[in-house]
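One structure coming up, written as structure tokens, with questions to follow.
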Amino acid sequence: MYKVTKKKVHGLLHPEIVGDERWDKIINVFIIVLIILNVVAVILETVKSINNRYEEFFHYFDWISVIIFTIEYILRVWSSNHEEKYKHSVWGRLKYMFSAGALIDLIAIAPSYMHSIIGIDLRVLRMMRLMRLFRLFRLTAYMKSAQMITNVFKKRANELALTFILAALLIIIASCIIYFTEHLYPTEKTSLFTSIPATIWWAIVTLTTTGYGDMIPLTDLGKFMSGIIMLTGVAFFALPAGIITAGFLEEFRINRIKKTHKCPNCGEDLNLENNHHHDENGK
Amino acid sequence: MYKVTKKKVHGLLHPEIVGDERWDKIINVFIIVLIILNVVAVILETVKSINNRYEEFFHYFDWISVIIFTIEYILRVWSSNHEEKYKHSVWGRLKYMFSAGALIDLIAIAPSYMHSIIGIDLRVLRMMRLMRLFRLFRLTAYMKSAQMITNVFKKRANELALTFILAALLIIIASCIIYFTEHLYPTEKTSLFTSIPATIWWAIVTLTTTGYGDMIPLTDLGKFMSGIIMLTGVAFFALPAGIITAGFLEEFRINRIKKTHKCPNCGEDLNLENNHHHDENGK
Amino acid sequence: MYKVTKKKVHGLLHPEIVGDERWDKIINVFIIVLIILNVVAVILETVKSINNRYEEFFHYFDWISVIIFTIEYILRVWSSNHEEKYKHSVWGRLKYMFSAGALIDLIAIAPSYMHSIIGIDLRVLRMMRLMRLFRLFRLTAYMKSAQMITNVFKKRANELALTFILAALLIIIASCIIYFTEHLYPTEKTSLFTSIPATIWWAIVTLTTTGYGDMIPLTDLGKFMSGIIMLTGVAFFALPAGIITAGFLEEFRINRIKKTHKCPNCGEDLNLENNHHHDENGK
Amino acid sequence: MYKVTKKKVHGLLHPEIVGDERWDKIINVFIIVLIILNVVAVILETVKSINNRYEEFFHYFDWISVIIFTIEYILRVWSSNHEEKYKHSVWGRLKYMFSAGALIDLIAIAPSYMHSIIGIDLRVLRMMRLMRLFRLFRLTAYMKSAQMITNVFKKRANELALTFILAALLIIIASCIIYFTEHLYPTEKTSLFTSIPATIWWAIVTLTTTGYGDMIPLTDLGKFMSGIIMLTGVAFFALPAGIITAGFLEEFRINRIKKTHKCPNCGEDLNLENNHHHDENGK
């Protein structure tokens, strides 16, 4: 009886594992909507005019949410040892409590208690309450396409990391060039390129083509070098797009092969790109 | 006789269904040009100097257009029950009147009548008259490539939707980070990052690399975090490009297979990616 | 003798047709360098400080260039009837004179004569002299990759044209939305969104992610709608990149097939994508 | 004994050649960290507040680094003739000293000596010390993906170069158009488009979609032409992304073929794209 309840509770809170019965869905949609409303509340609380008017409402809404999330958290921990990897009734549950998902859940509720007990700063509290946002990432587990995107990033992690390193080198080199052109040749206006770190800000804003316009090279040489840097940047910042696109095509191709490539002779699955997995004499 | 006329009228107004006889084309090109001229008129009416000079002309042009569009609308509704799905002489026509296309047509002409009868606000009238623009989307029905682009967006709808959700998460997370860095560490200038919604505007402007420059982080920590956010954004906003490109390649591949893959043995169409649809012994 | 000279002259001026003998190259490189120097001269002439100092030099340099270009033009026209399609000694040459290439050559030299004869405005003259720039496009004829890029644009012309039309629709719709949000709800600052044409400028600057920051929506609703427009724009403006990338891949694939696909049975070229151009029983 | 030492030293300094023993790694990581710290130091030295406080520290840190780099350089030169191509004990070493890698190493340490001997300007010294940054490119040699990126850029060098030339033409043409529209029709505000070189700066900032907003066309015609230029730019600047993406896909394909294509009949490697490297009768 106790075990059945635990299994049921576990199933209700992890619908992605067990299935999609009616109650699973209702509870899940309720939790998701509550998380979204919490995030919206924290965002709106920062608007003074709204906060002044609805302060009390926000206060009560937060406490109701925290209580619901606390109950959910306790039930999750309690039912966690239903799973094989958290089997032990004490250590298993502790192990679960230190899993990434459970920690995020804890961080989402802990600050509210800490606020009323220890008296944590309200602004820090708000920031921490936004951690609830991260719980939304769980949603992506339901989406098939999420796995594809994750796959692309995982498989191309090396190339993307290298692109990041090259981008860092390009940014530093660009910053140094512009720092020295703007620094060595003083203009009538006071240059904003006072140091290399300040110029790195300019380089990132420029090379990502954001271009705020708060810092603009004023010397002719600086403009000339910036022009070259910008054009180089266009070719260079096409790299991540290229890597990611190529990655997607690979994923699509793999999915396609899985779906369509069955040998027309024997009906077996083909796990090679080769169209022939056996030849005519192979019967 | 009555039926033949109705069929002819229906054909004239739906050249994409019946064919492209001479009169179809003339009527269609005339309607399209009239729609474009109407849109141009509404756009130019908003320029004060032009409106002051040509106000009367715009007035008459609008009324002539409305009359032509009204006639077209009535003829469309009248001849609609020529089609199988709107067969019933009353309910079929009513059903047609509530189809998306017919509603847009109605919205395009109704405001002008409402203006002279109920006295609707002129500015609202102008906005509604721009609805005529949407009728231009009908044009895309003639273009083969439009279907390809629609296909790409449809087939990749899941991935694109997920990208949108992830973009929303990234924007909110970025906003919160910058809001707190800019808010907690006050600078001499009054910060524009007064609330998270205000910072979301900054995040969208920055992450789409638009970079107006109306809001710029001023603290060192804020600039540092913005730099990381921008670089992350470049990799992240390459996702839609990647998905769409991969989608196009799939479309091209499918078209190619349809065109070129006929079995060299028997001349039959191949509907698989497999180059062999039957083997040597399969005869 | 006369014919041989003409053939030789024709060859010298069209090295891409005849071959690459020594003199061809020298003359060609000389003409190209002269064109580039002319463009540089016209660009530098617009800088006041440079023009004041070197005005005389620019004047003489222009006349020497014009004389050389005139001689080249006359020789081109004279030797043009060496080619098959311009065979007739009078009509053939006239026909050549109205070809795109010859007209550009004429436009490049005519203004200088018109200036000294009719007294054409100097500023218009300068602009027309920049037409010499277009002669540089001839260079691309030598580059193999130029043909590939041209091919991509040609074959994908339909899709790219449609993208342009859709972009125009998106820009107009975005302009109307923001015009009405910024216009109907007046703010304390005077809005810059005075008319739809003015807002179209904002829409283009925003949707291409240029983001000058000269026009920024000030109302909350305007900012909200702009945010949605920007995010839509990112997905939408990924279309040309997607189409062009897919186009390149097609070109690469075609080149690859041309190179590598020879039938392993008979050594014949395969002009199909099919790996089999004849089956086992076809011997 | 001497030879063994030399071989060992050479191995320690070139772990990418010999292998990855324990000491190799330690020395290498130490050198890399020292280079990064040096770059960070040079960057931070340009921040006045930091430099004032830690000037002495930076001074000592620089000298310690220079001594270590000098020792490394001497050992590299000394052990260089262990390699086949630098075999000769004098000329081989000299040849090595003039290799790109060795020159960068020299440039990284020379300025510090020149400063204390000849009294080179401190600001020039700092700039030259940043050359140490280039030594980080050596790191990329260890990364497999670096080779892929290099391959893509090498194989597509022609297309990318052509894109650069076309970009230059587009920039010049755009500059001329906007220069003349902004120059011929004077507005109340003083135009910033004073010369074509100044307008080229605008064109680069605009076409790379950086859009600082320091120069904005003010005339209606100028804005109209800019709009067209921006939209053209979007399609055009999709070219590098397209070329690079297509290049990556080629690389992935080649890697895949290398890995998976073994003939299922005989187990031999297939070095063609053709799925058949021998036919049924070829046994």
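Letters A, B, C and D name the chains as they come in the text, with residue numbers starting at 1 for each one.
Quick note on the criterion: contacts are C-beta pairs under 8 Å (C-beta built on N, C-alpha and C of every residue); 3 or more make two chains touch, one makes a residue touch a chain.
Keep in mind it's a predicted model, so treat the numbers as computed, not measured.
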If we define chain centres by averaging CA atoms, which chain lands farthest from chain D? Would you check? B
Compare the two sides of the chain A and chain B interface and say whether they are made mostly of the same residue numbers, over half shared, or of different ones. different
Turning chain A onto chain C with a C-alpha fit: angle in degrees, nearest 5? 180
Could you state the distance in Å from the CA-based centre of chain A to that of chain C? 42
Express in whole angstrom the distance between the two chain centres, defined as the mean CA positions of chain C and chain D. 30
Multi-partner residues in chain B (2 or more other chains touched) are 163, 200, 209-213, 241, 245, 249, 275, 280
Chain C-facing residues of chain B, complex: 39, 42-44, 46-48, 123, 127, 130, 133, 136-137, 139-140, 143-146, 148-149, 152, 160, 163-164, 167, 200-201, 204-205, 208-214, 237, 240-241, 244-245, 247-249, 252, 256, 260-261, 264-265, 275, 280
Parts of chain D lying in touch with chain B, wherever the complex brings them together: 209-213, 241, 245, 275, 280
So, in the complex, the side of chain D touching chain C is made of residues 158-159, 161-163, 165-166, 169, 172-173, 176, 179-180, 183-184, 194-197, 200, 206, 209-213, 216, 223, 226-227, 230-231, 233-235, 238-239, 241-243, 245-246, 249-250, 272-282
